[in-house]
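Across the two complexes that follow, chain A remains constant while its partner is chain B and subsequently chain C.
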Partner chain A sequence: MTQSAGLKSFIELLETIGDNKYVFGDKLVEVGVSGPNLEATLAAIAMAQGELGHSRLLYYWVFDLKGYEGKKPDVKGQTGKAFRGVENVHNWITLIAALYTVNTAIDLILNSILEANRSKVVSRVNKLMREQKEHILYSRGWAQHLLEDKGAIPRKFKEALREITPEVGAWLREIEQKSELFAEGYLAKESQLYSKFMEELKDVPVQVV
Partner chain B sequence: MNKESSKKYEYEIFARINRGDDLVHIGTVEAETDNLAKVYAAFIYNEEDWTDMCVIRKDHFVWVKRPQGLFEKAGA
Partner chain C sequence: MKKQIEPHLKKYWDALKEVLDPEFPISVVDLGLIYDIQENRGTIDVTMTYTAVSCACTEWMEADIEKRLLLEPEVKKVNIHVVWDPPWTVEMMTREGIEKMKYWGVSVR
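The block that comes next holds the complex of A and B.
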């Protein structure tokens, strides 16, 4: 099956989202299991299942786009496109910073995909987007809480945000440069992903770039 | 996290399974904010596909009647 430039870029985009969610699934268990309190821990573990489910859905979507028919291949690992900042999550502070920034960016992209082609994709991403809103609410709530904490925690959290935000921002700018995604109708024109992303981050008042 | 800066509130959770059912008390969560309480409730009490679910901060209850006398100290 011959893939157009737009389709290739779209597959790469979906795989990048899927990979990040796949790694989040692991990190939410690995780090979340020793979360700061019982509620946060239980929610993190439940969210891990959600993130893994989202990644599987996105990988299956990619298989469909690549022309697979019948039973889908097993997903045994990510495709290597997860962000360095997500793979490097090693404690609660870096987990919240990564979860908040990456899921906020992913939400903007999925909204753009939905806007461009609602009838074809709504059934695929509707549930994912609804659940993702809760993940963002959770990480934003924790982000605000960490910033209001005492001692070294606010500073360390700001550092974690400053570490991951440029990587996520660069990814959004890169997507905006891929004109084939817009020309072939995979993303809505005038999506302004990067500027919307920076606007969203104002909910957590830190100078991140 | 620093304990002195993590002021937490207790929230009561109410939900109904089907439309028309009674809203029933299903549990509690402790959270720092209303938004975190909502997320905790949704993730922790996800054993049913609830039609409605709400969280109410315990100190926001408008009490009509409270126990007096012997039971007051026990918090019953």
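The block that comes next holds the complex of A and C.
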């Protein structure tokens, strides 16, 4: 099956999202199991299952785009496109910073995909986006909580945000440079992903870049 | 959610009332997971969803659905199409499903 430039880039985009969610699935368990309180731990474990489910849906979408028919192959690992900042999550602070920024960016991209081709993709992503909104709300709430905490925590959280945000922002800018994604109708024109992302981050008032 | 079921397809809806969610003793029909059933020359096309994208029992449930429908003598093949729109909510459940949930002490509001 010959892939157009747009389709190749779109597959890479979906795999990047899927990979980050796949790694979040692990990190939410590894780190979340020792969350700051019982409620946080339970939420993290529940979100872990959610993120893994989202990655499965995205990988299956990629299989369809690549022309697989019938039963989908087992997903045994990510494709290597997860962000360094997500792979490096090692405590609650870095987990919240990564979950908030990466899922916020993913939400903007999925909205752009939906806007470009609603009738074809709505049945794939509608439920995922609803569930993801809850993950973003939860991590944003924790982000604000960490910024208002005492001692070294606000400083450490700001450092974590400053660490991950440029990587996520660079990814969005890279996507904006891929004209084939817009020309072939995979993303909506005038999506302004990067500027919208920075606008969204204003909810957590830290100078991150 | 109230569905208009064509008379010739009712037997398949009834058959799937025997397929239970693996985590809860409620049928996939009463949970509102089945959106549509069509039949064409022995091939059944089931359009369905799950309560969450992350449902860990998808393969299990799809296998159960296929297995049950294949028990009908005229059914030769079952195609299952999973969709996520409209997204599942508790409003999709049947009255019977809601009553069962209440019986088990689960909130469905």
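Definition applied: the second predicted complex is superposed on the first by the 209 of 209 C-alpha atoms of A that agree within 3 Å, B and C clash if a C-alpha of one lies under 4 Å from a C-alpha of the other, contacts with A are read in each partner's own complex, and residues count from 1 in each chain.
The rule is simple: a residue touches a chain if its C-beta (ideal position, glycine included) is under 8 Å from a C-beta of that chain, and two chains touch if they have at least 3 such contacts.
Every value quoted in this text rests on a predicted model; they were computed, and no experiment measured them.
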{"item": "First (chain B), second (chain C), both or neither touched by A:Ala43", "value": "first"}
{"item": "Contacts of A:Glu180 with chain B and chain C, given as first, second, both or neither", "value": "neither"}
{"item": "Touched partner set for A:Leu52, first chain B, second chain C, both or neither", "value": "second"}
{"item": "Partner chain in contact with A:Arg124 - chain B first, chain C second, else both or neither", "value": "second"}
{"item": "Touched chain A residues, chain B compared with chain C", "value": "B"}
{"item": "Touching residues on chain A, where the partner in the complex is chain B", "value": "36-37, 39-40, 42-43, 46-47, 134, 137-138, 140-142, 144-146, 148-151, 153"}
{"item": "Residue ranges of chain B touching chain A (in the complex, touch as defined)", "value": "1-2, 4-6, 8, 29-33, 35-36, 38-40, 42-44, 46"}
{"item": "Residues of chain C touching chain A in the complex", "value": "49, 52-56, 83-88"}
{"item": "Residues of chain A that touch chain C when the two form their complex", "value": "49-54, 56-57, 122-128, 130-131"}
